[in-house]
């Protein structure tokens, strides 16, 4: 590892212009090693399907996929060379939020401080903008090829999905890894399974999804993964990775951690560690596929604060 | 190969419910073999950056990336638990077309016939919709892991970029492959370089981009690649892959090929072969990287007619 | 009246090219007479305020009003002549449906028949399009200056708002008019008050709004107003004007009237009578302002199926 | 007049909470008097038609009117009660900017100062927001019923349209009024004709529109209208009302007036006088209709910085 220090993790160690954070650890050698984990070529689709009804945090903008041009419309409206074959096309226009479905949060997604700074001290006054952020947008997230490790906490607990508002502790992580026989290595992409995402697809499961989606990692767990284990990216099968407390407990969390989303502040802003969200981990868990090649490229859209509607691949 | 026949290619050979086409040829073994082409772990980003000013076909809807929530707005408007740390966030809302920047066209993008059918005979009357297409949308495009081959026609011709309206012939393909010392294999992802995409980034190059983007593959070239060589996906560094003729020649093309986009009709509709567009091939060409692992996952958005703003990876 | 016939109303009587319907009855003389109803100059705002949380039929697309350019963004991003005064601007981008807030439904909003025809026999095959309808869009709705009459059915019934699913009958209309001492005249804009719109503004009233919004006019009432009284436009303070039956009664309505929205079919398609929706009638009712000058201009946007987010004026 | 002072105009005279500005001058009596100017009931549509190709300032977001639901889509996708009559509907989704087509600029559109304040001292820090402005948005613009006066400067000059970059002076205004035999009165809506809007509709006139749209009012003219004549709203048939100087002169204007849009700063921010834009004045001019009842209601959308795609009415 280039900059990771046990007991400390990363932080703003990559120079004042850096927008990449811990993903700077990737090297040709690390990518080659990750590729060589694949022994059979079997691949797993870690993306969930997005549509207008998809679950999302209510603070985000809604979405529509609208048929923009239709064969019938093209022909009725005219303006294109007609031919015997009746050639025409479909295209869609989308109104969509950059924080939906399977995501990798960029390092400019969260801010803190009176100066509204994000990773590496970039401030709103300097780098905010009307057309997205101008530092650490999703175009700066390199394509990720790394060793992936599944920590199936739901499996460890013997439940289909962790209970709502369950906070995943360091002991949960240690216990799961031990049971799985998996060892973490610095530079890993760590994916934590709560089981919540099994309720993604069907509208009739929406209440369950909303409830179970609140299970997640506590701050101490995130710190242990980064500072003791060198996790380069931490993801989960929920919309926010971190522990969603009961409404009546929120004030206490804010009091204690000085943030309503302490894991986000810690990972994105202070450590420069990207967060993966809503990764579909059911197939990996079913096959006890705890170690794999993880490959993910975000959409390359200037200004966006996250990669969204992604389809990461796990390969074994 | 499971269904490919030399001299014929594919066609509607995968059963009446199939939405995947030639990508059905991928197997665990083929993916493993493709991964093993990578010898150093060096990766190449084949995606171009998209923003509001990006070049696109004028028939598509325009795009805006809009800062939806800002730290200042979040704090001014209130409604979230305030804390000493001043935690807040950025997110963006996007209005965007599903045919922009680096793309993989889905098998429902183009139609032909009075019945407006696409690949495998799916018709508008049966499978059209207001929220995108209901067969062969981008969610049906499997993640692609395959041998990639660059055919650097511009390099073969000794030009920085092929001239506007240049039609790439079978002989150009053969000549380039011979010069490169590259052999195609059935199941390859074939990427053809015109050089046009070097003008993507800078607004002052827009006229050049618009002009050179019209170079592309002629129908006979597409047929040769599919029927004789078994190309499983054909891409290029232009917005449409195929030969863009001069306006005054368009009527003759329509007359001859019975379509204003005969290569699209042939590949997408009749052969079930996906098309890659606006792949950034400059780095591969500069390093004479003619053979590589090609990995690409499309966004997983119901109804969309293409994967867009993608960032495919080449690995060596 | 030019074409209205007692016992028959209008229909497709204005020639095969007509897109205006009963509003063709307006003349300079009728407009002057309407203006002269105003005796004091007191005006009433009949529009409700629209925002991202506004009540709407769930079948319509959602809405966002997004700050597109901000003074801070303009200055941070640069590109405009800076000056000592610090001049900059705000603008917004909107994603919005054309059937929200105070509306006048255009004559192409509803269709019926296997041929999907609307008013005057315009069919989807001929006049549909990808960018809105190409006959009877909102640009064809002339600015309306006419005698307006309030029929305060809730007031007549002595309730704050008519009960959910209440169907307003001919007798209700007659009884209310009699109690009010109001006489209808051919060419009137008739506005029917249920009281539901009093629950528009506050989010905590949303359940009440949703419930009371289902009160509305039955088909016989619409027929009586058009065929016997010559109502040129019929509006209400609900989102759909017409009687919203209980879910368990819907099948019977469809069976009986051959439509799930028989009043819409009758007025828009068969009679060419525009429909007003979500008109704020509380102030008029409070002042027993039963007769007034009604003035309304729709937004002039090509293709739209209704005027929306309108602010009609009543003047006395 | 309540607050207007000759030689001074208005300014921030309506109390610290005021969001309405000079339109506060409207009274029941003034509205009644304005209505009584109409002698025949003839009406003029002062709105231009908006579509995806409409001319707009390139700094605004683009627009699309998209057919959201179609009869064919509704029937193909299912989910609604089917009936013999084949009832279905059209609706549109729009992506649109709040500064397009016929507009009334709100008092929060422009800002100045390091504190980015607008009319009445509302600042960005206090009243900015992610969902539009929170003071002086378009919902605060009252429906306007007032005496309208056309100042046909192009007619006075004997040209079809004023030359590009022509600056309309006080003498031009005085000369035109004298020739017309029109006298201004405090409280008037003053509409200035350059003739540019005659090029609005046809795409082939776009270059002419772009050129002639730069003619407009100089700052001294705006001051004379407000301070000496009491103009309550000033509009024109161009996209910005004010004099658009040649690019090479812009620096000098900024130097002299301390703003790149001094008329906007003066009217909106300092005087609280709304601006009308892209009013279609050709019919009024053709009939020498110099005095009329002006009626306009803006769309009632929270946060928006202007009324847009409006259709004001002139009545005589």
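We call the chains A, B, C and D, going by the order they appear; numbering starts again at 1 in every chain.
Just so it is clear, a contact is a pair of C-beta atoms (placed from the backbone, for glycine too) under 8 Å apart; a residue touches a chain by one contact, two chains touch by 3 or more.
What you see is a predicted model, and the numbers here were worked out from it, not measured in a lab.
Chemist: What's the call on chain A versus chain D, same or different interface residues, using the half cut on shared numbers?
Modeler: Same, since most residue numbers here occur in both copies.
Chemist: Count the touching C-beta pairs: is A-B or A-C ahead?
Modeler: Top pair by contacting C-beta pairs is A-B.
Chemist: Averaged over CA atoms, how far is the centre of chain A from the centre of chain C? Could you give it in whole Å?
Modeler: 45
Chemist: Report, in whole Å, the distance between the mean C-alpha point of chain A and the mean C-alpha point of chain B.
Modeler: Distance between chain centres: 25 Å.
Chemist: Multi-chain contacts only, two chains or more: what residues does chain A have there?
Modeler: Chain A, residues with two or more chain partners: 61, 64, 66-70, 72-73, 93, 95, 128-131.
Chemist: Under the touch definition given earlier, write down the residues of chain C that touch chain D in their complex.
Modeler: Touch list, chain C to chain D: 27-35, 38-43, 45, 47-52, 59-61, 64-72, 80-81, 83-99, 101-102, 108-114, 116, 118, 124, 128-133, 139, 142-143, 145, 250-251, 254-255, 258-261, 264-265, 293, 295-306, 308-313, 315.
Chemist: List the residues on chain D that touch chain B in their complex, please.
Modeler: Residue list for chain D touching chain B: 61-62, 64, 66-70, 72-74, 76-77, 95, 125-131, 134.
Chemist: Which bits of chain C are touching chain B when the two form their complex?
Modeler: Those residues of chain C that touch chain B are 64, 66-68, 72-73, 93, 95.
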